[in-house]
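What follows is subunit A paired twice: with subunit B in the first complex and subunit C in the second.
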Partner chain A sequence: MVRRKVFRRRIRRGNRSAAGNVCIFIFLFLLGAFMLLPLVYSCLNAFKPLEEVYIYPPRFFVRNPTLENFSVFFKLASGLHVPFIRYLFNSLFVTILTTVVHIVLSSMAAYPLAKYRLRLSGLFSLVVVSMLFTSAVLWLPNYILMAKMHFLNTYLPYIVPNLAAPIGLFLMKQFMEQIPFALVESATIDGAGHWTIFWRIVMPQVKPAWMTLAVFSFLSVWNQASSGFVYDERLKLLGDLIANINAGGFSRLNISMAGTLFMIVPPILLFLFTQNRVLETMAYAGIKE
Partner chain B sequence: MNRMAVISENFRIKRAMREENRKNRLTWKQDFKKHGPLYLMMAPYFFLYMLFFIVPILLAVWLSLTDYNIFQSPGFVGLKNYIAILAEDDIFYIALKNTLVFAVITGPVSYLLCFFVAWLINEMGNKLRVFLTCVFYAPTLASSVFFVWQFIFSGDSYGLINSFLMKLGLLEEPIQWLADVRFSLMVLIIAQIWTSLGTSFLAFIAGFKSVDPALYEAADIDGVRNRYQELIYITLPIMKPQLFFSAIMQIAASFSVSTISQTLLGFPSVKYAGHTLVLHIQDYGMIKFEMGYACGVAVILFVIMYVAKKLVDKLVGLLASD
Partner chain C sequence: MNKRQKRRGLSYAGRRTVNGLVFLSPWLIGVTAFFVYPFISTFLYMFHDVTLEPGGMKMEFTGLKNLQEVFINSPTNVRMITEALASSFGTVILIMLFSIFAAVLLNQKFHGRAVVRAIFALPIIVSSGILLSVFKEDLFVRSIQSDPSTIFQSTALQDMLQSFGLDVTLVQSISDMINRIMDIVWQSGVQILLFLAALQSVPRVLYEVSSAEGATTWQTFWKVTIPLISPYILLNGLYSIIDSFTFYDNPVMKEVMNQFNDMNYEVSSALSMVYFAIVLVITLAAAGLASRHVYSAEK
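Our next item is the complex of A and B:
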């Protein structure tokens, strides 16, 4: 019911000219290269020995790939007064906790908005507008607020604001809207309360939506840095560590790239496995007037 | 048929429906009684949402009218901060100009890229489509690696672009891409566009995928000749909701540039070439501790973003009208 099967038939359609197709192919190829080359360059650098980083003229490809950078990275990272594993733990802990709680809270809020007409339904359009204001824009008032609540220098600044990310509620509500109300109604007649309906009937139906929320939440939390909210080195995240190593300058390009691979592999894997579900959810991500 | 007559008729029907709804609506008391448990379910999310999205905005508005500096309690100064920002702060205008130039270029460019790439990808076979989606979305997934642009545009002859151009003989001397005021904003724009095929790109792909193919067939019979006409007459009006959604996402992204500029161009950048409003806020908030003043800049930024959204909504509405 949630996953609608669309049978694709061959249909007669107006077409593009051959010249148009060639232009489009070239355009996509160039754009794809622009998107991929910096990433490929980063990955290749992670395998370059030091003398190839210093070589003149600089080379894009790697001649003698080596894994040494990774061991140097670990040596460097464990030699810091806070061990590498602590950064990794912080990042994983914060990301997983935030993602799980974010999904639960936003689906709990999305269900009444999607399926009932409440006096406070107007809150939803407020949430839509506030997708405009990213954490970078709200940074200063959030800083003052968290200072007042004594949140600074704990894990809380990483977690709490992200729990209420507007995009989560938005996507969840849009996706829930297509669950037929009859389903909710019949369960009510059978004597089920709102909680039971929510957990037993609605939540299993919106699996694609929670996977999507998981991806977006993971992305935004995993890629964040302490940005002034946290100054205790033991509470900082992987992103801060990489930024610190980068600040070491050009000579360590290969080593910081080795570290960066740890940052970029988890989100890419997560998206590869969930991309079908994500696209299914995004089909409902429109704002109707 | 007279278009104006249709519009006013629609308007009258809508208003009648709204009045009907209002009559049938529950009173607040009845509503809370009937939907109490539902409000309870919404409470935790909306508590946090209010605290971290609404309260900060109101707080910024209030503090912008004070001389708050985090050490002393705020004292009311009226519009003094705004007058100082608008009348005396030259760097504010540099930041404003950069932010607007940046938004006016990256916003539409990335919006159109998202739309057209999604449109083109949609025509491909299933496997190829998944592959291309991943290719174009990869920079967003790996956004923490954006600092690689620093090495690509590095100012010495070790920089990838410099050495490439010198090998081709187009350049004699390496260009200081990141420090030369003529180029630095452009480099920033390139790096930003690189990461900008994000959420809205996915929304467009999904939107195109869910358009009913029967509509295209009908359009073919009605005399739509090629794919481009199809796009304008059929797809655009259907995709209107996605267009609105993506507009919000792109405005949000293109006005909040800060970390990229900080990393690539340094902070403060040479001659403030990469100074944006968000960085100006950070400068006054974190370094000079003039919180009231910084909040004033923040409020101006909120207003600009909101106005931009209203304008873009109008534009999208006009473009995609059926």
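Our next item is the complex of A and C:
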């Protein structure tokens, strides 16, 4: 097996054979190409004039790159009575708020389940069942509930249902269970309260988990559309704008691709940021008993 | 019960439970409002005739008529469900194997690791929500995703293999597998990320010890890495089962959404309830079987 250990590398450089390196490189390169090519192609489409998009057989690279698609995109966006920046603000506001609160709530819920041995029978099946039911399946009762609570046409339908998304609890519980119980016990003996243990002991230990959860949560909220709960154009999200422009269909493919680039960039930035942080934590704060 | 406990009002275990519930309650309230309540409503639709009227919704009790409608009067549904279950099983196993392999590779130190990781996370970013609809409209991407043979020249490969005198069914299954690579790779982004987080939570000390004891990398992988990440293998397995059974492309999910969009709420809820009940049984069975073999820090 090619798994290499970090500490050994420090002592003895070049532990693995050159052939092994080449094999890993080729394998990762092929897989990476699988994942990357369709995306690169679509992004390149954002710089193609329309006649080049529909050439058959399709051409991968741009022959005559143009920024016209972006200017048309902004022209389309400025033609609407809500400025583009408002959609962007709505999306960022809703997504960041939801992600932060979601992580806190699900970690709080996971903590007693993982570390108190609080066995609430049936809770796990509840979590699994609620993961099964995608929001689309429960749309109708959700709509009726939100209408009763006067949530419709505010920011709340974007935020509130996502706060208790079950995947967060599922993930945090699994990671928290791996923290040695001795850590919690010794903190208790030293006189730490439940909040102190939660914030100062448990949460720093599961940093990789909530950094990963942040990416998932950000994505699922960022990519959502108003889906009937919000009809005031000023409160709609970037995704709605893109969907509107996409409704132009094939004739606007390159323009909607230009708009889609705005959707792709923030998640990728967040991902790069969190992944670097995860590495940092793990390098300096291993679990030591 | 002794005096001290009486004075405090609650036993130690009781206070723990109360404290636990304080931590749990915000989440529990959210889940009750936005999952349990809609779930019960959907469950009730199954036994009713649901019509939307101005001013509200009208429900008329019809008993088991909807279930009969879905499973007896339309025979294709049962076959559709069994086929969906069978194909998802294979996908889950392949996804697990692939994602653990990819995560182990990505967890190593090499130049440009952050970039490579980002590339492997791209499917998660792209394969949800609105972006998907954009990509689906894109001719080239569509041709890759729904018919991978365009980039793999799989038809040419088939002809070539057959000209070597190989069995037709064998050639077919080989090219089917190749065609599925794209789906597998694109569906395992979340799993790779979870495994990466899991691999990083393995204490470095253990690797030092095993190396000092003279274990080979192969032994270390099976005796240290795999047991320590086994809780996350379970987590990922459950996630993969749920994810692939409720994938938007799954024929059953498609039928559920079609019925919903045609405003046949009762048919859609009956079909989804039965299907999810089957998936739940599979998930819980898998969890029950696997949890015995999973390492836990508390034992």
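By our rule, the second predicted complex is superposed on the first by the 213 of 289 C-alpha atoms of A that agree within 3 Å, B and C clash if a C-alpha of one lies under 4 Å from a C-alpha of the other, contacts with A are read in each partner's own complex, and residues count from 1 in each chain.
Throughout what follows, a residue touches a chain if its C-beta (ideal position, glycine included) is under 8 Å from a C-beta of that chain, and two chains touch if they have at least 3 such contacts.
Keep in mind the model is a prediction, meaning the values are calculated, not measured.
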Partner chain(s) touched by A:Y41 [first = subunit B, second = subunit C, both, neither]: both
Partner chain(s) touched by A:T134 [first = subunit B, second = subunit C, both, neither]: both
Which superposed partner A:P208 touches (first subunit B, second subunit C, both, neither): second
Touched partner set for A:R86, first subunit B, second subunit C, both or neither: neither
Which superposed partner A:G228 touches (first subunit B, second subunit C, both, neither): first
Partner chain in contact with A:I144 - subunit B first, subunit C second, else both or neither: both
First (subunit B), second (subunit C), both or neither touched by A:P180: second
Doubly contacted subunit A residues - partners subunit C and subunit B: 6, 8-9, 24, 27-28, 31-32, 34-36, 38-39, 41-42, 45, 58, 105-106, 108-109, 111-113, 116, 118, 120, 126, 128-134, 136-142, 144-145, 160-161, 163-164, 166-167, 169, 194, 198, 216, 219, 223, 225, 239, 242-243, 246, 250, 253, 257, 260, 263-264, 267-268, 271-272, 275, 278-279, 282, 286-288
Residue ranges of subunit C touching subunit A (in the complex, touch as defined): 16-17, 19-21, 23-24, 26-31, 33-39, 41-42, 45, 57, 102, 104-106, 108-110, 114, 116-126, 128-131, 133-135, 137-141, 143-145, 181-182, 185-186, 190, 193-194, 196-197, 200-201, 203-205, 207-208, 211, 217-218, 220-221, 225, 231-232, 234-235, 238-239, 242, 245-246, 253, 256-257, 260, 265, 268, 272, 276, 279-280, 283-284, 287, 296-298
Of all residues in subunit A, those that touch subunit C in their complex: 1-9, 21, 24, 27-28, 31-32, 34-39, 41-42, 45, 54, 58, 105-106, 108-109, 111-113, 116, 118, 120, 124-126, 128-134, 136-142, 144-145, 160-161, 163-164, 166-167, 169-171, 174-175, 177-181, 194, 198, 208-209, 211-212, 215-216, 219-220, 222-225, 239, 242-243, 246, 249-250, 253, 256-257, 260, 263-264, 267-268, 271-272, 275-276, 278-279, 282, 286-288
Residues of subunit A that touch subunit B when the two form their complex: 6, 8-9, 11-17, 24, 27-28, 31-32, 34-36, 38-39, 41-42, 45, 56-58, 60, 105-106, 108-109, 111-113, 116, 118-120, 123, 126-134, 136-145, 147, 160-161, 163-164, 166-167, 169, 193-195, 198, 216, 219, 223, 225, 228, 239, 242-243, 246, 250, 253, 257, 260, 263-264, 267-268, 271-272, 275, 278-283, 285-289
Touching residues on subunit B, where the partner in the complex is subunit A: 25-26, 28, 31, 35, 37-39, 41-42, 44-46, 48-49, 51-57, 59-60, 63, 68, 70, 113, 117, 120, 130, 132-145, 147-149, 151-152, 154, 157-160, 163, 166-167, 194, 197, 199, 202-203, 205-207, 209-210, 213-214, 216-217, 219-220, 224-230, 239-242, 244-245, 248-249, 251-253, 255-259, 263, 278, 281-282, 285-286, 291, 294-295, 298, 301-302, 305-306, 309, 317
